[in-house]
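First, the structure itself, so that you have it in front of you.
Per-chain residue numbering starts at 1, and chain names A, B, C and D are given in the order in which the chains are listed.
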């Protein structure tokens, strides 16, 4: 049953050292505010799952929260590489990380299987591709009717998933709309689910019946954090801050610059700052 | 690419003797008009796939179109049994039919796998249940990570699927809303897809982005048949004709009454009659 | 005490077994009435799910089918049927699944498929629909049926859905981790599985019902728990709620037929 | 003839390879520009799909990411990412998939994962994203890249996605039924796989490009088809369309930063 609480409390109650955790959002609705709160609370040894680690995991990795990263595309979308993640992989700074690398199809199917309560996902994938030689979590099953060999990967079952959404209502039902990505699956696959929202409304009576609504009893905690996806965007609220993505390429290129930026913009602030960040967009 | 044509032409061009065919719609949006057209055109030796055969297949079976029925619940929903289907199974009238019986979960997963281009569906099912002893199309695969035995059934890949939908636009995109059932999957799983619609509109510009819209290039033919789901219903257009479902229990109880009713209400009429059937509802 | 029928007692007894936090997979008929009476009385926040994809519905009248339009109109959200079976049922999110039975044995195994041999049935019944996976994916199963010797039988003709199998730890031996049938609600009594053998045992009889009534309408030798209780009679609120619901339903579904 | 850059020529040559009936899985960068130029010139009804779930998009400006809001706002429909990969890509509904490469070999095999060994990379690149399954599920694959000896190499460091493997019938031997790479569009030339060996062969060079230019920027010994053609220079319409699109994009994305 969804509990309305501050982001600080929601993160403190639901994210523990050593957890396997997904912060999902596919370009749209990336839960940056929740990640910053995790950084402030100094969680350690996390296994981070995310299709595109993106700036959000670049920051968490650079701050030393991650032990393992399970991912399928480690780029700054439309800009370039993820320099903090590279530094951790290539130079073990600030610590060594393990990587478990998949394709997008495998990751999406693994979330789907997790939401569906299955132990593994079965799909047509990785044919001729090199990842199955370097990732022991890629196996196969044989179709008992055609004999075709299909790829199999373990289902994602995070201890906790964080997503950002447009709205919750007073009962705690959550609306996600626009590019919905893998958020529904990430939430349903997890043992605990924390959602930050732009807005809390009285009810959802006027919504079209087929929209992506997560009932309150699938959600553990809801925190009201306007702007909580910045520099990602929230459809219907504010656009993507493309300039911030470009700027990140410079900030993340240098360890000292990164450290200074994180202190000023993450460690020394609170979730309320996100609302002001999107005001001018 | 969707071709706009009369229902008569759409059925004639897309449904052939011996085809494997799905007429889908889960209580809502059952494509009765298309089935009646198939009956009028006298197709033979069809393999009929449908989760709940319902009145629509009771009529097709009673008129001798079916060779095989693949299904998971052969009832008249909320009323009772399907008397024509029973007569075919128990007494081979008007001909013997083969049945391939599944659970709803298996059928839904088989459509999903068909839409996903997979040879089989893998799910947690049939544990302790008797169907796997009488249906050789139920097999298993073993999860390569946990060793769990999971059920596997062949994907549904109909030669042609028929669905009824609310709207098409001039380009041929199709909107299905409300209880969407397995229609999207049935359509995407099929080699050819025929859609009857209540209405053809200029464009879909005002629709919410996350609604169930099937792009024109996934649809083979579209026929404008107002009322085409009767006695099932179309959300936003007309309600379910519950009295007709109750009446069917009497009509179908007697071979002569059935034959007379089918002549008067199906063989001797044309698709235009459906519009008038829903007028008074 | 207002007079009531055995079927009303059955429905109301079933409704009492549900709580505000339950997420119910609802069938048509008695389960649907029971779930909605619970929602309209002591469990206003109960979540009702119909396999048509409607999640969190609150229909004003009982649906004639599991896909009636009102289920969608009043739902929190309506999902596709594959998603319903994958994410919601198989995902383990349903606390209580309701099942009915044409034939039931003492271990909660159910037949709704055929009377007689499968290949040459005497009566071809509708089949399982969602039941085979409802029976194993829901956290627990409530069964409702009217007692009759041809329904409550020593041996069922077909295992449409699995209850406790041969009893004891048969579910665990098949790797099934859910509880299975935990309650049988008939028009005469409430039955719960014996903790060891898993055989259904009468724990409560409805007002005015005798042990003979129960045994005469059951095809196996009935076990009674130590200290069988009397089911409290329906309260006025429960009865009125059920009857109002059925009257509204009658009016709504008795509407005129199309041309 | 308006003057044009090699990159403009590459983008326009790629756009010409697309037709009105194509359903394209679009990447970011050059493929996105090519697909949208095609849509704005000779292929107005082309269907563009981005892996964020946006189907049939018609953005006014080029997205910076594959999940920009405008892709959703202008799409026919927006589906979840699991559905995109299951029903739309794996379902075999995409006619053309575009891929770029950090390293490419003569058989269209692509590396975007690592330079150096996988376990101790010299450069950790972003990885495959959708590429491993795009490469085998789309009916055919177009590759775009700027020529450079460090990009077009004899042997790639990692098989991110499979092209023609060792050439010949290697795809068929793996049970892959799609065509794989059928066209390589660089800033200097158009290449098509030899029907037998599947080695990329230059079939057309862009205006002003010499065989030496092509060989000097390619790490393997280049094969030229009999009768190499000259790629027609960009028309004024093509160039204007591309430049207008890029100017609109520049204005839209150069917006101010959040506080």
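Going forward, a residue touches a chain if its C-beta (ideal position, glycine included) is under 8 Å from a C-beta of that chain, and two chains touch if they have at least 3 such contacts.
This structure is a prediction, so every number in the text was calculated from the model and none was measured.
J.: What are the chains that chain C and chain D both touch?
T.: Touching chain C and chain D alike, sorted by label: A, B.
J.: Can you check which chain pair, B-D or B-C, has more C-beta pairs in contact?
T.: Looking at B-D and B-C side by side, B-C shows more C-beta contacts.
J.: Taking each chain's centre as its mean C-alpha position, how far apart are chain A and chain C in Å?
T.: About 40 Å separates the centre of chain A from that of chain C.
J.: Could you grab the centroid distance between chain B and chain C? Build each centroid from C-alpha atoms only and quote it in angstrom.
T.: 28
J.: Of all the residues in chain D, which ones touch at least 2 other chains?
T.: 72, 78-79, 86, 90, 137
J.: For chain B, which residues are shared contacts with two or more other chains?
T.: In chain B, the residues touching two or more other chains are 112, 116-118, 123-124, 148, 178, 180, 184-185, 209-212.
J.: Mind giving me all the chain pairs that touch?
T.: A-B, A-C, A-D, B-C, B-D
J.: If you look only at chain D, which of its residues touch chain B in the complex?
T.: Residues of chain D touching chain B: 21, 23, 47, 55-56, 72-73, 75-79, 86-87, 90-93, 137.
J.: Hey, which residues of chain A end up touching chain D in the complex?
T.: 26-28, 51-52, 71-75, 77-79, 81-82, 85-86, 89-90, 101, 103-105, 108-109, 111-112, 123-131, 134, 148-149, 178-182, 184-185, 212, 230-231, 233, 235, 239-245, 247, 276-281
J.: For chain C, which residues are in contact with chain B within the complex?
T.: 28-29, 51-54, 63-69, 71-72, 78-82, 84-86, 89-90, 113, 118-119, 121-133, 135-137, 158-162, 165, 170-171, 174-176, 253-259
J.: Given the complex with chain D, which residues does chain B contribute to the contact?
T.: 1, 112, 115-118, 173, 184-185, 188, 204, 209-213, 215, 217-218
J.: Which residues, counting only chain A, touch chain B once they are in their complex?
T.: 116-120, 122-124, 137, 139-146, 148, 150, 152, 154, 177-178, 180, 208-212
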